[in-house]
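Heads up, there are several structures right after this.
Next, two complexes with subunit A in common: one pairs it with subunit B, the other with subunit C.
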Partner chain A sequence: MSTATDDRREVTSFDADDHQRPSEPEWGTLRSRWRATLRYMRRNPSLPVGLALLSALILFSVIGGLLVDIGDTRVMSAPHSRAPADNLWFGSDRQGRDLFAVMVHGTWLTVRVGLIAGAVGIVFGASLGFIAGYFGGWIDNIVNWTVDVLLTVPAMLFLVVIATNVSTPTEPLSSTTMAIIIAALAWRRPTRQIRAQVLVMRTAGYVQTARISGASNLEIIFLEMIPNLLPYLVASFVTAVSAAVLASVGLEAMGLGPQNEPTLGQTIYWMIQSSAFMMGLWWWILPPIIALVILFVSLYLINVGIDELSNPRLRRKA
Partner chain B sequence: MAGGLVVSDLAVHFPTERGVVRAVDGISFDVERGTRLGFVGESGSGKTTTALAIMRMIKAPGRIVAGSIRLDDADLVQMSDAEVRAIRLRRIAYIPQGAMNSLNPVLPIGRQIADGVIDHLGPQRDADLKALVAESLDRVGLAPTVAAMFPHELSGGMKQRVCIAIGIVLKPDVIVADEPTSALDVITQRRVMDTLGRVQEAIGASLILIGHDMGLMAQFVDELVVMKDGRIVERGAIRGVFQAPEHAYTKMLISSVPDITEGRSFLGTIPTPAEPKPATGAAPSPLVAFRNVSKVYGRDFFGRGGVHALRPLSFELDAGRSAIVSVVGQSGSGKTTLANILLGITRPTTGDVRFEGKSVAGLRGTAALAFRRGVQAIFQDPYGAFNPFYKVDHTLALPLRRFGIATSRRDIYVCMEHACDAVGLDPHLILGRYTHELSGGQRQRLQVARALMLNPKLIVADEPVSMVDASLRATILKSLYDLKARHGISIAYITHDLATAYHVSDYVIVLHHGHVAEAGTPRDVIGNPQHPYTQLLIDSIPWPDPDRHWGSRQSVEDDQRRLEEIAASHQTIVRSRIPGFDLDTAA
Partner chain C sequence: MALSDLLRRLVLLAAVIWTAMTLNFILPRITGRNPIIEKLMDSADSGGANEYDFDQFVAAMNARFGFDRPILHQYLDYLGDLVTFDLGYSIANFPTRVGDLIASALPWTIGLMLTSTLIAFVLGSILGALTVWFRSSRLLGFFVPVIMVLAAMPFYLVGLVLIYVFSSLLGWFPASGGFVETRTVTSGWDFYLDVAYHAVLPGLSIVLASTGVWALSMRGMMVTVQGEDYMTFADAKGLNLRRVFLAYGVRNAILPQVTMLALFMGQVVTGAVLVEVVFAYPGIGFLLLRSIQINDFTTIYGVVFILILTIGFSMLIMDLIYPLLDPRTRKSRA
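Right, the complex of A and B next:
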């Protein structure tokens, strides 16, 4: 037995592929771990920059929300069309809304619509994608066919039709309802993307190994497949959130949004309605646009960063 | 020496996080016009990097840090990108490894051949181009009509020959072929290599063949370079290297190629098989029984048409005796389908698979779990078999928990340690690590450990050594053999490699288009084949012996015709039977 073991060891020493594969720096002590993380962040700045921008935006909204009364976002809470001043930081619009209060509450409302619609879309889409891709057969055919058909229809058309039918003059739309309307279509793309990933992963060696290890279908999906899809799911979620924000702003700018809530898109609607451009009320025009730009750019950077983190082929080597 | 290539002190470095990897570390060699030079070495030895360096195709951040590559009087290393572009294809052609992925799926073959011509010689008249393409296709033995076809209409071997046609269309001085046949089976490999050799002689180019197969080298090249860790460890005329290898590494490479000769086993000393366990109880039902099992893919709604992956097959494998049954055949012969049916992953189209007397299709609950535990697998790709998200412990612990072998963390750990020990791995070096931290050989032996831990009755090993280096092949096959000899586990060894099947198996089944061509003991079937298909397979193996001929030109042409005749005949020759395994040919 001992001789057999010895020559095995000797043969193993011929393995040349060990030191060929470049790998991440050693993860030892807490300090070196920190340094490795910092080094990585310097190489891949999109993720930290994107997260910083997004947190800044949300912090502005959350901390501001503690200081500013929601009542100040209502019409006539301030003198109208005033430029920014000491007691009116962002000025006011033509109907006399305090624009600082509007920005504080509107930013969060808009982000919330995106989060709700994105979350519903990704959970529903991922479930359908997994069912279709993993089990296949006629379920797959039905899901695939439905998604294919729905993808050809312009989303805005659907949303406009639904929104106009849901909102009535006596009971205007709330931003939560609007988020759910948007979610009704947000699952299409995740379904298709995740189905494709599952189809590839289903034949992976470790899935087969789990199967012959006696794992059930649910175990294979939740313990073997989902962990490996996690970066992908997060990236899909971020994409879904930005798509949902875009859809909500679109609806609101057309005047189909929540009339009683000061979301960013709704602010843009009022500003168009009241000819803010012609009146030169720049303090009304700029803040919602800047907030939206920061939001979209941060979501984009986060997405690029996650992609780089999870896809070693894109990982730049220092 | 016009058209010769002289490489001196070439060094290629890849900077990584952990420091500089010297992929090629100061090597010198030269190829004279019209000769064939072979490069062998295992993965990571720097042979492919050398080939890419000659083409000036090293990807950043890697770069050529020193040395020269001289073609006539020009130094390729010093050339600008534009100058190198003019040299590529025109004077140095590259034939890539994966012909499957090297051709553009949306362009006809003729266009892809003509592309390079137009790029180098400028716009041509249509008639001239057509003639050039036809000539190039003719040189590789393909009809001119292939020019109008798309890659998906061609077989793997034809695609590889198209890649050769693209490479030689401008009659280069040097052809660099990087493992041109690694994805092909032996019969197709012999055809492609024959074509490549013929073309090279016809246009008088020199040829650099990169590979890991010592047998192929022995049959094909004039001079051999052995590389290890970025350096040349041995170099010489092919006959000399094989007759008197100097470096220990070369000796190891040569001895790791299994030979089909009596007496010398490349597995080294193998333990004598344990006495068959006396059958307990009254007449036990066979461990696994196939009754007219077949598989048809792509049938339409009414059950018509489709491709027969496996023709009706019946056999019985006894529970009392352990045996290694090899299933050999080319790709597409149905051997993997057979493996998946055995594992219960694929459902057969017709027939019934029985495990210990019970039909597998109807198993539920604990009986299904017993089947899962009883029939284990070792997969082809040791890297893919472990979930990259977890440490390897996860893959080992999962079946222990599912089959109720060990429940507490402590018991599970003890089981895992024993399993590692049993296959000669140090548990402290293996457990708690991620797959990418282990070498290919360690991963593959860990797969064996995983299967062994469950104490199965049958292990299905689907090409377990096709993706590991030659030096490891013997070690892993030896651990497989140990499973039978020491632990009394039967093994279905699925492979395309007849030589290894000869050494490890008790019984060999040769599959061809889903049909059993020949079956019997390895000494009969492989040592003295009777069926024309088996004979063809064995003739096509490149022997690691420059004096043993690979077959003549004429025979390669004839073989293709014979292959088609064989496919139509559906003849089965059963040479011999062994106790414990009963192949039923009546059906």
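Right, the complex of A and C next:
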């Protein structure tokens, strides 16, 4: 992901690249634009496959949300340890939660934690990266050192300490609070990545040109640099979401998650704690694992796809 | 490595350790609640702790934290304790010291992590190099996508799948623990075999999920190295292929892998901690899980501190090893 492109022209010219091929249709009309897009997708299948997987997961949660009552995720809403049946599609766990309702609601909760933490991380990280990379000097030094120090320590360890201090027995964490806790550390990697990119861009020809033409710093950042960094920002965001989901499920598996909400990680925690493996309750074990595998793989594929889209050098290698 | 570079590394390590120590000190004070005292009051209410232990404990806590003294004094004392590795007493099992709990769990974690990381590193590097060398191999062409997908997944998720398949369905391997619980003798070949048998699944989940990471980066590096002039030259000289592959290709491509090993360290530690949680493996991750469940805050802080220390030092060691592998960085010291 962090392939630093020292030649920015390559990043900006990915569609111009297509023009050079005589077989590629022109980008003029809407219809030919669609055809070109389709053709590109066939060449770079990671992006569409990843997006399709992610959409399937979100669709499952959205459509499922219309069919189930969220209340069924509570303990004792169904007979316990039942295998899947007609009226209980995914069966129930040992505490009597309706697992279909748990999966529908939990998938969304977990994705939401990732989105919140990822969004906060990328906004804060990108701002910090821009300030550090663009203005340099002592601010850059401070930011750079702070990120270096914080990146050495795995987020999980910080989060364990924070979470043990925030959640109390009478007032357990909500999944939103957890997203914010995770966001507190989600900015580190985006900051470093964006800073590195900005450092390179600062000396690029078009930025120099803009500066000589009297553009202000804000104009240069928002009109010249950010549009060029867009694919990079999106890739950074996807990485941040993936890392946030990883952290949240990890925290939940250790019992530091929202005890009253059926997130995927929390489901895994209950599953391990009530020895679902020994009882062979496969309908309890498999769905959260499959959902998480789909989530991680789709985010990974999207990332690879964006990387390929924005960095044509990778294309020749493949 | 240049001297200034080494100095920078040392300062960074010190900063990391200081941050970790300070975090454990400041957070309970920022959030306005002191979990240690809360837990204390809790056990006093429920009468769970026996009277004698409890009095001693309060005395020990007061001596240690001295809440009546100025905050700066508390802080300096706290730092002094940590520097001498005095992690205090476990709240849940009072007379036991946190240091002893960690010391008995650490060998399990180190054994599991070191072995599986080494296997994954070697396996991944070889595999990555081979995919470039035998570009048209069908077998490798099948392996690469599988490995890439596995690399995208966290260790514990792979672990859960392995438990389900090999323990729950097939019953080939135990699903949890580090050895048979009823065992009384904890030495001898029999015991070690048992330990190895229990370590297969946790180890395998780390190997499976991280081999791909090494294979992918090695592949990228080999592609670059293959385009270098010295590869063409070695070929033209008529050296045998194995020599070109190992001494010219792999030797050069492996360098960034070692740097990556240093960067990957933190991820491996977190991953291993969660794998232990999933497998109830008696290492430091499982200690952390148990401490969280019984609100044993001193142990939680102790484990976090030791883990951060481990990561910091292993990264430093990796940086020091680097010049041994790359003669170019050695020269710059002179």
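Just so it is clear, the second predicted complex is superposed on the first by the 290 of 318 C-alpha atoms of A that agree within 3 Å, B and C clash if a C-alpha of one lies under 4 Å from a C-alpha of the other, contacts with A are read in each partner's own complex, and residues count from 1 in each chain.
Operating definition for what follows: a contact is a pair of C-beta atoms (placed from the backbone, for glycine too) under 8 Å apart; a residue touches a chain by one contact, two chains touch by 3 or more.
Remember, it's a predicted structure, so these values are computed and weren't measured experimentally.
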Original post:
Which holds for A:56: it touches subunit B only (first), subunit C only (second), both, or neither?
Top reply: neither
Original post:
Touching A:253, do we find subunit B (first), subunit C (second), both, or neither?
Top reply: second
Original post:
So, does A:196 touch the first partner subunit B, the second partner subunit C, both, or neither?
Top reply: neither
Original post:
More residues of subunit A are touched by which chain, subunit B or subunit C?
Top reply: C
Original post:
Now for A:165: first (subunit B), second (subunit C), both, or neither, which partner does it touch?
Top reply: second
Original post:
Regarding the shared-chain residue A:278, is it in contact with subunit B (first), subunit C (second), both, or neither?
Top reply: second
Original post:
Is A:204 touching the first partner subunit B, the second partner subunit C, both, or neither of them?
Top reply: first
Subject >> Partner chain in contact with A:38 - subunit B first, subunit C second, else both or neither >> reply: neither
**OP:** For A:213, select first, second, both or neither according to whether it touches subunit B, subunit C, the two together, or no partner.
**Re:** first
Original post:
Considering each complex separately, which residues of subunit A are in contact with subunit B in the first and with subunit C in the second?
Top reply: 317
Subject >> subunit C-touching residues of subunit A, taken from the complex the two chains share >> reply: 145, 148-158, 160-162, 164-166, 168-169, 246, 249-250, 253-256, 268, 272, 277-278, 280, 282, 285-286, 289, 292-293, 296-297, 299-301, 317
Subject >> Contact footprint of subunit A on subunit B as seen in their complex >> reply: 14-18, 21, 23, 42-45, 61, 228-229, 249, 252, 268, 343, 345, 369, 372-373, 375-377, 379-381, 383-390, 395, 398-399, 402-403, 424, 436-437, 439-442, 450, 469, 471-472, 474-475, 478
**OP:** Can you check the complex and tell me which residues of subunit A touch subunit B?
**Re:** 4-5, 7-9, 11-12, 14-25, 204-206, 208-215, 224, 227-228, 317-318
Original post:
Hey, which residues of subunit C end up touching subunit A in the complex?
Top reply: 12, 15-16, 19-20, 23-24, 27-28, 30-31, 33, 35, 38, 148-149, 152-154, 156-157, 160-161, 163-164, 167-168, 175, 220, 223, 266-267, 269-270, 273-274, 277-278, 288-289, 292-293, 295, 297, 300-301, 304, 307-308, 311-312, 315
